[in-house]
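The same subunit A turns up in both complexes below, where it pairs with subunit B and then with subunit C.
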Partner chain A sequence: MADVYKDDFLYVGKDYKRRDGPEKAAGTATYAADITLPNSLFAKVMTCPWAHAKIKKMDTSKAEKLEGVVDILRFDDPRIKGKMLNSSWNHPFVAYLTENVEHLKEMLPDEGFYDGEELGVVILAESENICEEAMDLVEVEWEQLPFILDPEDALKDDAYVYFPGRKTMQGNGNEIDGCFFNMGDVEKAFRESDAVWTVPVAEPMINWVSAEMPTCSCTWESENLTIYAHSQVPYELGLFTADNLGIPQSKVKVISPFSGGTFGERSFVQHFNDQGIAYIAAMLSKQHGRPVKFYINRADQFRTGRSQCYMHGEIKIGANKDGKINAVSIKNFTSFQRAGLWITGSAYAGYDHFTDNTCVPNVKMEGRCAVTSQPPGWWFRCEQNIGCYNLNIVNSEVAHKFGLDPIDVAIKNNGYEGEDVDHLYKIAAEHGLPTTDSLKACIATGKKAFKWDEKLHADGAKKLPNGRYHGIGFVWDHAWNDNVNTITVGLALNQDGSVNIIGQRDDLGTNDRTSYSQLAAECIGIPYEMVNYRCTDTYLPMQLKNPGGSMGIISQSRGIMRAAKKLRAEIFAKAESLKVLNGIKADEMDLKEGYVFEAKNPSNRIHISEVAATCLPYAAQPWGVSCKGSIMVYDTNVTKRKWGYPDGGTRPRFARQCHFLEIEVDPDTGEIFMGDLVTVNDVGVVISPKSCKGQGYGGAMQGLGRAYSEEYIYDKTYGVLLNPDLQEYKIVTMLDFENAESYLEESHNCGGEWGCGGIGEDVATLIPCILTDAVRNALGVSITEQPITPDKILKALGKVK
Partner chain B sequence: MTEKKNKKKSLGEISRREFLIDAGIVLGSTAAVGTAALASSCGGKTETVTSTVTKDGPSKTVTTTVTDVVEKLVPLSCTEDGQWVIDFKVNGKRFVEIVEPNETLHHLLHEKLGFKSIKTFCSRGGCGSCSVLIDGRPILSCMTFASSVHGKEIWTAEGIATEMPALIDAYVDNECMQCGYCTPGFIVTAAALLKRNSDPTTDEIREALAGNLCRCGTYPVHIPAVKEAAKALKGGR
Partner chain C sequence: MKNFKQYYPTTVDEAAKILKENPNDTYICAGGTDIIGVMKDFILPTYPTALVSLDRIPGLKEIKEEGGFLTIGAMVPLEDIATNDLIKSKYACLAEAAARTASPHLRESGTIGGNLCQMTRCWYFRHNNDQFHCLRKGGDTCYALTGDARFHSIFGLTKMCAAVNPSDTAPAMVVLDAKVVTNKREFGIEELWGFAVPGSTKLEHDEIITCFKIPAFSGKSCFYKAAIRKTIDFPIVNGACAITASGDVKICVNAVALSPHRCKEAEAVVKGQTITESLAEKAGDEAAKKATVIEGTGTTNEYKIQMMKGIIKKVVLGCK
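Entry: the complex of A and B
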C-alpha cells in the first residue's frame, strides 16, 4: 500500500462543484428509461399471476389480431425455446453453488414458481399501450400447483417438493443451500455464562426500489448491436447477450447512461430483468429491423423480486454481567428461489461479523435455505445485512439485559477472531498499517455530536410531557474496507496536458466524475480542472470495478494510482528525450500542479503541455495504444484480500462505523417519531467530503425505511404479493426524519490508495438494526423482528394480541 | 375556409384535417419522428408548428405552417377519431398537439415532446418524479390527462433551470442529487414552494417536498438548499 500516511493533498479532501449536478438538477441527464429510439417497437412480458402455476393451454390468437401487434413470442416458440438466462457463462457465484444445485433457468418458461415470475409470452407492438391491451387478450388456462411461503415449512418432511430428484444439501428436496459454521465450544461457553437466553429474529423481504425501473433499448447497425440499459454491469450484460445471440462480444456495445438507482440489484445479469429483456429485445430488433424497447413496470418490478430474502430464526446468547459475550449460536431459515442462477444472497453471511469484528470466542451458525414461492433475492445494500443484524441484536440484548451502555458492550467485545483489539492491530502493524482504534475514534466523535451521555437513561424511564417515551439507540460494525476486484483503467494525455480517465462504469450516483478526477489529479500531479472522467460504453473494454457500489473506491483508487505512475514515467521519459530542464534525467524529475520540474531545483520547470504537445503531433490521433507518439497507459489492478475469505477463514477489519438514533414512541398507537440521527464512518481518507457525507445520511435514510416500514406482504391463502407499489410499500419521505448529521473519520486503514474505503452501502446495511436498540431503551421491551411496525410495538406492550 | 367553419360539430364529428383547416393551419409535409417545436415565439405573425400525431402506432410528425396567428388559443376540439386538439405552452413556448383521450400529460411531455426531466418512478401518483408546474401549481403529470392542459402554461425542470438558476445552483452546491433521477421532480416542487413562499421554514419545506420520493436518501440537504435558493432569489438572482 503506497503512501499510507500521505496527508498533504492538493485536490483530495476538497469539495468541488459536483460535475454531474447541473444536468441532474435540470433534468437534462438522460437515463435508459428516457431513451426511446426513433421508430421503436415495444416489448412486454407476461408474469405468473399465481404463487405457483403451470401453463396448461395458451391462446394468443386474439392478441395476434389486435392492430399494432407486431410479433408474439411464446414459450414454445423455437426462437426462444432452450435459451437460458445464464447463457453458457459461469458466474463466480454459480461456481460457488454448482456443487449442490442446477443453476440454469429457461429464459421464457411455462411454469412460474412465484407470483410475478416472467413466463409464457412476450408481446411486441407499436406502443406500450398496445402491449398492455394485447396481454389482456392472451387467454391462459393455468394449472395451479402447491406453494410454500415460509422456508422453515419447506424443510418439513411432508413438505411439497418443488424440484423432486434434484441434488440438495440435506433434508428434503427443497434445501438447496445453507451455511454451517462452528468456532470454539458454544455449549461449554453457555454453561459458563452468567446468563443464557434466546431471542427470535426476523428480517422481511424487501425491495431495492430504484427510482428507474428495469429497461433496455436495442438497435442494430448491420451486424453490430447497441444496447442502452439500466444496468450496473453493462460489460457482463454484453457478454451474456452476445453469447445467447451467438455473435462475438466485440459486436455488442452496451451503453449505460445515467442510472436511476442501482444499489447492487442492477448487477444481477442472470435475471430476466437484465439478460431476459436484453436478449429478447436484441433478437426481435434484429428480426424486425427496428429498435425494440423492453420495459418492466413498477408492479412487476416488485413482483419479479430482486430483493433481500425473507429470513427468520433465533439467536441463543451466553454472556456475563460485565457485558462480555461468551457464545452466540445462530439458527435461521432463508427463502430461496431461482433466477438465472439459484441465489439466496444472505444466509452465508450470518455469523462472520462476530468472527471478523469481535472477540466472541464461541460462534455457531446453522443457516438453512429452502425453496419457497417468493422471488429470488439479490444483493441490495447488501448481502451483509443479516451479519450486521445478528451482531447488533446480540450487542443490544446483552446491554439491556444487564443494564449496561450498549457502547460499553461494543468496546468490550470489539476484536477479531475471538481475540481482542490488540490482536487485530498487531496484524495491522505487521503489515505496516496504522494501528488506530477505529471504533473508539468513531464513538468519541459520535457521542459528542449526539450528546449521548446527556440523553442516556434507563430503559423505559423517560416519559415525555407529550405522553411519548424517549429512547436512544446505538449500532456498530466494521467499515466497508475490503475489496476483491480486477479493474482496467486508462489515462490519456491530451496535447494541452489535460488528462482523460478512460474506463467504463455505471453511474451509481456517488459523484464519480468529480471524485475520480480528484484522485487522478492528485496521483498524476496536475490541477483538478485538467482531469475529466466521463463513463465510456463497453466498446472500449476498459472496466472500472463493476458493480462499484461496494467499496468500489478501493479498487478504483489503486488502479488510478498505478496508471498514474506509468503516465508520470512516460512523461518524464519524454521530457528527458526532449533534453529540456537542462538535460536532467527522468529519475531526477517530479510533476506537481501541472509542471514537470527538477526535484532538487523546482524553479527549473516546464509546463506539462510542452511535453504533451510533442507526443501528439496530429490532432487526428489524440490517443490510442497503437497511435505512435501518443501516451496512453493502462493498468490492470488486482486487489486481493490478504487473508482468508472467500478462500476460507476470516477477515480482519481495521476500520469501523457506528451510528446513533433518538426516537419517541407513542405507547397508545405504537407510532415511532424520529429524532436526532448521527452517523460516523471511518472511511480511511475522504476524497470528496460532501459526497462522502451524502452517502452517510443517504444510506441512513434508506436504512430507516427498512427498520420500520418496508416489507413485502403476502396473502397467505393465495401466495400473491399484496403491496407491489409505492403506495403500500413504504419507503421514507421528508417527514420520516428530524435531524440527520454525518461525520467522517480518517484512519488511513480502509484498503484503497492512502487507505481510503467505502461508505453508503455500509450505513444502509447497518442502520436497520438501530431501531431495536432505541425501542428497547424507550419502552423496555425487546422487539428483534424487523420492521418494527406499530402493531409489533403494541403487541410487545401487551395492548394487542 | 369551408362552410363547416361556423358549424359547431359534436364530439367525433371533426376530422383531424378539418380541424387544421378550420384553425387556419395548412398541412405541411410529413417529417421524421421528432419532438414538437415552435419555430417562433407566440407573438409572431407566422409560425411553423411541428405536431407529433400518434394514435397507437408509429408516431408521425406533421409540420404545419400557421399563418396570421394571433395571440389567441386554438379552440379545444375533438377529431372524428376521438382525439383532442389542445393548445398550451411549455416553458414559455407554444404547442398545438393532437392527443388521445386517455393519454397522460407525462406521455405527451416525455415521449412526444422530449422533456426528459419528467420521470417515471411509480406511474401511480405516489412519487412526485413526474411533477410539472401548471399555472404555478405542482401537478403529477402521470395522473393528469393531456387533454386537460388546453390553455394552460406548463413549466418543467428544464424551464425552471433557465428561469430560476439560483435554485439549481443551491441544489448542486448542497449535492441534493445522487443518482439524480428524482431530482427534477424536487426542483419543480421546490420552485412551486418558492413562488408562493419566499421565505419558507424548515417545516414548510418538509411539508412541500413530502410527496417527492428519493431512494438515495438525499432528503436532509434539500432543506438548506431550498433556504439558500430562497435567500438568493430574494437577492435578485
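Entry: the complex of A and C
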C-alpha cells in the first residue's frame, strides 16, 4: 500500500525543466493532425444540416465523376451498412460504460438527430479540397422531422418521441434516465429554517474546444494496421477498430503522439469522431492500398462533437441567519443524445457535492434527462461542474441573503454525510491519515494572498472612480483527491542503470513526461536524470490511466510505486546473488540516488549500473505491475483506496480547494472586467510545482470561460447551431483575465502515493460559480444562469426589461 | 476549401481590369482575414473562383500628412494605425479603434480598407454551406427576424435585413469625416456602406479603394468598444465621438445597423455645451429614442440599446 507520509523527497516537489517544453514551445512537436503519410488519400463525411432530418434521396453521381475522387461510401453501401459505433465488444469495462451509454448507433446512418450528426456519405479523394468540392456536388433530398431542443419540453406528455418503444425511466419515451435522491427530510427542514427561497439555475451547453481537431491516419503493412490518432484512449480505439474490422487486436497498433488538447472529450470511442473515422479510414486504406487520413474540421467538430449538456432548473434552499444550511432541494433538466453519456447531466454530479463535502443534513435531488436534438453529452472539462455549481450557488445565496462572508458560510457547512468536519476527520484518523482541516488551510493561504479582508464589502456598496462596481467572489469544494483507476505500467532497467517508464497514455499537456519521471526516480531510488518517459504505442499493451485528467497522478503514482517495488526487489536479489556487497542479503539493502547499499552501512555500496550491466545481459527487462494481462481489468489492489469506500455512495474527501476573484462591472454596458484571481489547491503532495501551477492557471481560464462567455447558441426555429466557430463561440483569452496566481497546499491526504492528488480539472470545474458570487457582491443582484453576459447584467440592473 | 485562382496585379488599373473582366465570383483580397474565412466555411451561394490580391500594388500602404489631410493607404495594416504616433496623438479615436480590432496577428494582416469593407458577421449569413440562403445572398428571408437576433440591428431593417456592420474603425472614420478615394471617384465615407449582395458597400465590382483622406483634425476624439471578449472579438456595440477645436461634434455608433449610425440627435445635445456626466447621459438617451428592438424566438436585442447609451456617454465624456 501507499506510503502515506514522506517528506524527505529527493526529486518529488522540485521544479525541473519541462521535458516536452522545447518541442511545444518551438512548434516542432508533431500532433496527429500534422501527420500526413506519404501517398495518402483523404476522407470527409457528410453532416446533417438540420436538427432532425432523414435522407429521402441522395444522388452522388456528380461527385463520383469529379476528378480526384477515389471512392464514395454511401450509407446504403454493404461495406458500412449495419456497422455499429460501439463494435460488438462485450468486455466488462465496456459493459460497465454501456450501462450508461446508448450504443445503438449506426456508424453511417441515413437519419440525423441533431444538427451536424455524421451521416449519409463519406468521400475519399486525392486531397481535402477535392473531398470538399465533391461533397458540395452530392445532392440530397431531406425529409425534415420534428425536433426538440429543451429537455423540459421533451418530457411533456404531448412531446414528439424520438425513439418509440425504447425503454425509458419514466414519463414519455424521451426520458432515458435521471437521478432521484433523498437524504433526510427536506420539507421538515424547510419549515424549521429562518428563510426558504428558490433560485433558478442554468449552465450553458459547452464544447471541449481543443486546438487540435479529431483526426486519424491509417496505414497497413501486410496484415498489420497502424493508426495515428488524436485520442485520449488509444488502447480502446485499437480494441474497437480491430473488432469492427474482424482482425485480432494484436494486429492493430495505435500511436497517439503529442495532443493538441483532449480535456476528456477524446476519452471514449463510441462516437463517429473516434471509432467512426478510425474504422472507415482503416477499411478504405485496406481496400485501396494507400494510407487514409480522416479529418473533422472546426465547424463540424462544434456541431457533431460531444458537448457538455445544457442544464436548467432550480434550487430550493432552507437556511438560518447564522449561515447554517438546513436543506437543499434540486430540480433540473438535462439533454441526452445517442453516443453520449447521461451522467454529464443531472444525475451523477447534481447533489453529491453536498453529501460528500458538507454537513447539510437534508438533500433532495430530482434530475431528469431527456432526448433532444443536441449533440451527445460527454464528461470533458469534467462532469462534476454541475455539482460544484449547485454547492456554490447555495453557499453564495446563503451568504448574501444574510449579509455573511461566504467564507464563513463555507467553514460552517464544511463536513461529510450531513455531519461536520469532526466526522470527516474522524474517518481519516481511523485510517491513519492526517486530520488537517484542509479547507481552513486553503482559506488561510488564499485570504492572505488575495487580501480578502481588505477587499470585502457589502453587496453593491463599492463604486469605483471609473464608474464601475467592485466585487469579490469565493468558491470552495473538495479537491480531486480520490479518483483512482487501473493502470498497467512497466519499468525497464537498462544496462547502464537508467530506467524507461513503459506505458502508453495520451499527452494531456500536463507535463507528464517530467512528473512521472520524478515519481519513478523517487520510487526506485535513482537520479531523476536516469529516468525517461516517452509515450509509446499500443504494441506493448501497457497503458497508464486514461482519462489521465481526472485520475492521472493518483493512479500513475500508485502503479509506478508498485512497479518500482518489484524492480527494487529484483535488483536487490540480483545484487545478493552477485555477492557484490560483502554477501549481505537482499532484505538488508537499500537503493538511493542510484546506489545499491547496505542499509545499516551506506558506505558499503555499488552503483546500480554494476548490477544492471552484470545481471541483465539483454537490452532491457520490463517489470510491470500484476494486472492480469489487460488494462481493461480492474486490479483492486492497485486502485482501492486505503480507507475504502463506505456503502451508500458517498465518498469522504479530505482535501479541499478554494478560489478568490476580484471583478469590476460596468453598469452602463454590462461588461465585466476581471481583476485578481487567486487559486488555492490542496494537492496532497506537490510532485511538480510548475505543473501544478500551470494547471491552476489553465483551469481558471477554462472555468471562467464557462461562466463568462462560452455557450452553444441554437436557432430555435430550425434547431441549427449558430456559433460553430471560434469567433462566435467565445473561449476566453489571456486578456480577459490577466492577474492569476496559483497557490498549493500539501495535506498528504489525497488518494495517490504519499497522499498526492490532482489539480487542473477541479479548478476548471469549480471556478465558474465564482463569477456569480463576485457579480452579486459587485451589484447586489443575483445572476445564477450562466454565462453572465452583458445582457444579463443589464437586465439584473433593471436597465432592460 | 475549393481550389481557386489568385491574381497578383502590380497596379490598381491592372487589378480593376481583372475584376472587370471577371464580373462573377471574383473578389478583392486585401489582408485576407475576412474573405479567406468566407471561403473556408463555404458561406457564399457560389464559390469564389478567383481572388485579386492588392498586396503587390505599391503606394497603398502609406500613412502621410500633407495638404491638410491625413492620408491612409487602403492596404495599411491595422496594427500600423494602432501604433502610429501621429494617429495616436492627433486622431486618437482611430488609433484606439484599430487597437481594439481583432488580435495582434490579425491586425498585422488585416487592413484598414478590408476592415471598412468586410462582410457582415450575421450568423445566419455566415453559416457554413449557405445553410441560410438569406436576403444578403439573393434569398427572400431575413432569418434573424424569426430567430436569434441578440447581436442584430437596433435601428430598423435595411431592405428587410437585420444585419449590422461589424467594423471597429468605421465609427472613428465617420466622426473624423474621412473621405474615400477609389480608382473612380472620391466621396464621404458615410456613403460607403449600404445593402449589397453579398457585400456591405456600394462600391462597384471593379472599384478599388486606394486611400482614405482625413481632414487635419485638432480637437478631442474618443472610441469605445463593448464586446464579450476583451480581444479577438467583434463589437456588440462600439462608438466614437470627435469634437473639433471649433466645437463641431460628431458621434457615430456601429454594430447597431447595416451601416454605421450617425447620432445627430446626440450631437445636437452636446454641441456648444460643457461636457458633464448628465449631458453625456442625455446624449445617449437622445440617440436611443429612435432605436427599436427585435424580439426573436426567446431572445431580444434590447440590451444593445442600453449598451449604446452607455457607449455614447463614455465617448462624449472621453472628449471632455
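Basically, the second predicted complex is superposed on the first by the 750 of 801 C-alpha atoms of A that agree within 3 Å, B and C clash if a C-alpha of one lies under 4 Å from a C-alpha of the other, contacts with A are read in each partner's own complex, and residues count from 1 in each chain.
We adopt the following convention: a contact is a pair of C-beta atoms (placed from the backbone, for glycine too) under 8 Å apart; a residue touches a chain by one contact, two chains touch by 3 or more.
This is a predicted model, so every value here is computed, not measured.
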First, second, both or neither for A:725, with subunit B first and subunit C second: both
Of subunit B and subunit C, the chain that contacts the larger number of subunit A residues: B
First, second, both or neither for A:687, with subunit B first and subunit C second: neither
Subunit B versus subunit C as contact partner of A:571, first or second or both or neither: neither
Which of subunit B and subunit C A:239 touches, first, second, both or neither: neither
Touched partner set for A:398, first subunit B, second subunit C, both or neither: neither
First (subunit B), second (subunit C), both or neither touched by A:129: both
Touching partner for A:551 - first (subunit B), second (subunit C), both, neither: neither
Which superposed partner A:535 touches (first subunit B, second subunit C, both, neither): neither
Which superposed partner A:735 touches (first subunit B, second subunit C, both, neither): both
Subunit B and subunit C footprints on subunit A, overlapping residues: 129, 725, 727, 732-733, 735
Subunit B partner contacts - residues on subunit A that touch it in the complex: 17-18, 20-31, 33-34, 36, 38-39, 67-68, 126-127, 129-130, 209-213, 258-263, 297-298, 507-511, 690-691, 694-695, 697-702, 725-727, 731-735, 737, 739-740, 764
Subunit B to subunit A touching residues, read off their complex: 32-34, 54, 56-58, 110-111, 115-124, 126-127, 129, 156-158, 160-161, 168, 171-184, 187, 205-207, 209-222
Residues of subunit A that touch subunit C when the two form their complex: 49, 129, 132-133, 136, 299, 666-671, 673, 708-709, 713-718, 720, 722-725, 727-728, 730, 732-733, 735-736, 789-791, 794-795, 799-801
Subunit A-touching residues of subunit C, taken from the complex the two chains share: 1-3, 41-42, 47, 103, 121, 123-124, 126-129, 131, 143, 146-148, 150, 226, 228-234, 236-237, 297-298, 302-303, 306-307, 309-311, 313-314
